[in-house]
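Below: the structure, in structure tokens.
Chain lettering (A, B, C and D) follows the sequence in which the chains are written, and residue indices restart at 1 in each chain.
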Amino acid sequence: MKFAVVNFPGSNCDMDLYYAIKNGIKQEVELVDYRALSLEGFDGVLIPGGFSYGDYLRSGAIAAHVPIVKEIIRFADEGKLVLGICNGFQILTELGLLPGALIPNEKSRFICENVDLKVINNQTIFTRDYQASEIINIPVAHGEGRYYCDEATLMELKQNDQIVFQYQENINGSIDQIAGITNKQKNVLGMMPHPERALEKILGSDDGLKLFQSIINYQRVNN
Amino acid sequence: MPNKSSRVIAGPGEDAGILDIGDNQAVVFKAESHNHPSAVEPYQGAATGVGGIIRDIFSMGAQPIALLNSLKFGPLKNGQTKHLVNEVVAGIGGYGNCIGLPTVGGEISFESCYEHNPLVNAMCVGILNNTDFKHGTASGDKNLIVYVGAKTGRDGIHGATFASDEFTDTNNKQRSAVQVGNPFIEKLLMDACVEIIEKHSEWILGIQDMGAAGLVSSTAEMASKAGSGLVLNLDKVPQRETEMTAYEMMLSESQERMVLCVKPEYVENVLDFFRNFELDAVVIGQVTTDNRQYKIYHHDELVTDIPVDSLTEDVPEYDRPEKQPQRMIDDKNYHFVPEITSLKDTWMKMITRPNIASKKHFYQTYDSQVKANTLVRPGGDAGVVRIQGTKKAIAMTNDSNSKYVYLNPFVGGQITVMEAARNIVASGGLPIGVTDCLNYGNPENPEAFWELDKSVEGIATACEVLDTPVISGNVSLYNEYNDVAIYPSPMIGMVGLIEDIETLTTSAFKAADDLIYVIGQTADDFNGSELQMEQLGQLKGNLRDLDLKKEKLHLDIVRQAINQNLLASCHDLSEGGLAIALSKSAFENDLGFTVKTELSAAQMFSETQSRFLVSVKPENQGSFEKLVQEEFELLGRVTNNQQFTVTTRDTTFSLDEKLVKNDWKEAISCLMM
Amino acid sequence: MKLVKVYVTLKDSVLDAQGEAIKSAINTMGYNQLTGVHMGKYFELNFSEDYENLEHDVDAICDELLANPNIETYHYEITEEA
Amino acid sequence: MKLVKVYVTLKDSVLDAQGEAIKSAINTMGYNQLTGVHMGKYFELNFSEDYENLEHDVDAICDELLANPNIETYHYEITEEA
């Protein structure tokens, strides 16, 4: 598979994600500039964490207006795989590719910690290698990670099995402890925790590896 | 101070020092204080302190890999101090998190003398892959001076002199000079500078950060180093505000700006390169070699024409009177004798003292893992970051214990260095170099000058023994408020090399039945201790001389034990002594211990130097004891019953690990409410 | 020249955690008559000239960028620049 | 019941990093008549009743908490709650 890691000005987990693909699951990967106009030839698009445009105004808000986003939207609409992590998740909600919004943590403080997540839906292309309800340990590092949506949207998320990860302990005040969701079609995943920081035991956990492996295993089976 | 070793590529005098770590790589680091700016405007003061130290590292062509900080405040008693602490911590996190560098270590302590004079020291460590690169000079006739980065505003006019002004009630309202940081721009600037030096170093002759005192300092310094002259045109300088005078532009301390010296044939490449990062980049002047004059034009008028060296080399030197502080003479033979009626109660009290309690409330607001290379995060002894593509890692720490330096500046200076070394060694690293921030009161006061002089001597003698050159650093004087000075507070930033990450060691006990040892003798060292502060409420007495030979021996023993894979855990003994070290080692994996010793209850809190707490797998007992010879005491074992069971010469008790840990964990959050 | 003042506030249904925190801080300071705080954003937009579509453009700028319709509402005033 | 609207803005000489980033985003979106953006904070404070010292208290709250006097200025309007 060939992945694009989209680099926005101020992204700072772009290389982490790049190495996660290159060394972690040994697939082809390229950094793609935010001014690029095409995602032709890629099988998956990854939007990294960081502080695009300094997170000024609202996290992800300004990044949602650069040239590459039209192409990301097209890519998602065609049912291709899009993964947004942390700031990437924020950008995806700002783009409307995922419902809801990410707002400042309940205690208004940045939080960096390894947290336990529960895999709520292990039927997605991103989570096939996890057990149902498996508890995994993945780091978070965010100041604006409180997931919010209105009641109707929450109902919909539940009905369509779009909630993929929940925090075991509600660290940031997210509605329904939501840590990660997909779109209705399940080809776009956004999550606040950083699986790309959890690929090796020496870094504290390798529970993130299965997420990336799920993607390639799915591809293998379906091609 | 010693500034030479076989590893030194660049020492003091540059933006930051450089040490060879083999494989054509070098480690670059420096610490800097931002005390006064943080006292005046805590968030921005701390943030721009972090921003400034990062620029010092990438202007050397190094890729920054990690940040640390050392903070000192007054007691967490009033709302004002809490606000100050919150804002400083938020500023440090705000900048570091946004730019995407992990904050992997540091320290925070609280003493009354810092109430109006907080100390905010920040350190940055980077890796240099192009060890040939020459930085920081502006040489060669007709070579061009290029300005890159944020626009110039009236920020921080007079900041450099202001920073060293003594604080008094009356001028604490001086609030016009605040610089504001923009970490987003600095991220672009950092990436661009690192890339241009790695990939296109032939385009540029020099690069320098516009630090304190702005454009004048930085350009004059570059010209002076190269022995050349300079012509600048201020009309070309990107400006954020209108109608700035030449004077304001030259002295502005607007952040996130760099100057480069560029060969004319590459100037378009350089400008395009930076503009591709969406950064302002313009030619503002050129190098001259016909005479060594520094000339500035503004609105077509020559506004300055002076010899370059008059701006840089004529630093006044002072020879100041010094005098031993009276307290040292008065209290020379005083020995604090603690009184412990219940070891259990004292244990619980000590564990919640703000200087001992967990600092997680603060450091969990720093991203410590971004870049996915952090092997040891805050909370351990030293922060450890691996170097991608090698087996190596860098261990780093910030240490200061100003209570000791106050009681005996010479010995205190030595202890500060050795405490840093113990943190590095306990992590499995070899100490290779030092940076410092020397934070003191008014040097015109003979006693303060004596403190400065003697503690620097102490630092120097300790660095000599360790063969750790002091390759960079910074001095902050006049830390006084209404004539009351802070404790003399040298901060040591130390960097260690871990050749093979397999030898990485952490402070947490690993498994039940492991044997617990203390390396080093414990004596009645209570002067300057946290126990003295707890019971007497003040510092008093002298310190024993530090036996540097013994210290070195223990450091070497621990290194050998780690290299032979004999230690399951290793922790240095610092504030609160054995009792606190035992507790902290147990917390991470929720283990307990059973310990029996001939020491007295009070000695459990003695702060005798040169000691380590280690745990050893039972099968390694023989090899370990053979290696350490008689320098150890076997204390007991790690248990998995979550009980701390302690028998001393005079008492025995048992405590629930969960209870102790909870108090230790929550103490700071409670105080901050 | 026109100055547009834009106010962005959270929808009532969204918990205003920052506002709550500020409220309790103010109460702690002893101002007990204070019963509620809402925190929002305030923007001043300068336009070089008035033009026919100005209002339409300001709406678009607010909808697309300054406010997130999932959580926020906005209102604005168009004034003559001082 | 009183509603106090507080506007906190950066002093003119202070770098407005957010405003600059927003301005260039809006220009990139094609709105070229926009020449400047300043970003500030907007607070709505509800008070249970009017009282003599209200204005004095609002000043104190702004000075001590809502605005950072090193870099920000503020102004406010006291209105009758709708």
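Following the convention adopted for this analysis, a residue touches a chain if its C-beta (ideal position, glycine included) is under 8 Å from a C-beta of that chain, and two chains touch if they have at least 3 such contacts.
What you see is a predicted model; the values in this text were computed from it and never measured.
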Identity of the chain that, by mean CA position, is farthest from chain B: C
Selected interface, B-D versus A-B, where C-beta contact pairs are more numerous: A-B
Euclidean distance of C-alpha centroids - chain B vs chain D, Å: 37
Between chain A and chain C, centroid-to-centroid distance (C-alpha), Å: 30
Gap in Å, rounded to a whole number, between the CA centres of chain C and chain B: 41
Shared-contact residues (touching 2 or more other chains) in chain D: 17, 21-22, 25, 29, 39
Sites on chain A at which at least two other chains make contact: 53-54, 56-57, 62, 65
Residues of chain B touching at least two other chains: 182, 184
Contact pairs between chains, per stated definition: A-B, A-C, A-D, B-D, C-D
Residues of chain D defined as touching chain C within the complex: 1, 7-9, 19, 22, 25-26, 29, 31, 33-49, 51, 54, 57, 60-61, 64-66
Chain A - residues contacting chain D, complex: 53-54, 56-57, 62, 65-66
Residue numbers on chain B that touch chain A, as the complex places them: 90, 93-94, 97-100, 182-184, 187-188, 277-278, 364-375, 377, 386, 388, 501
Touch list for chain D against partner chain A, complex: 17-18, 21-22, 25, 28-29, 39
Interfacial residue positions of chain D with respect to chain B in the complex: 12-15, 17, 21, 68-71
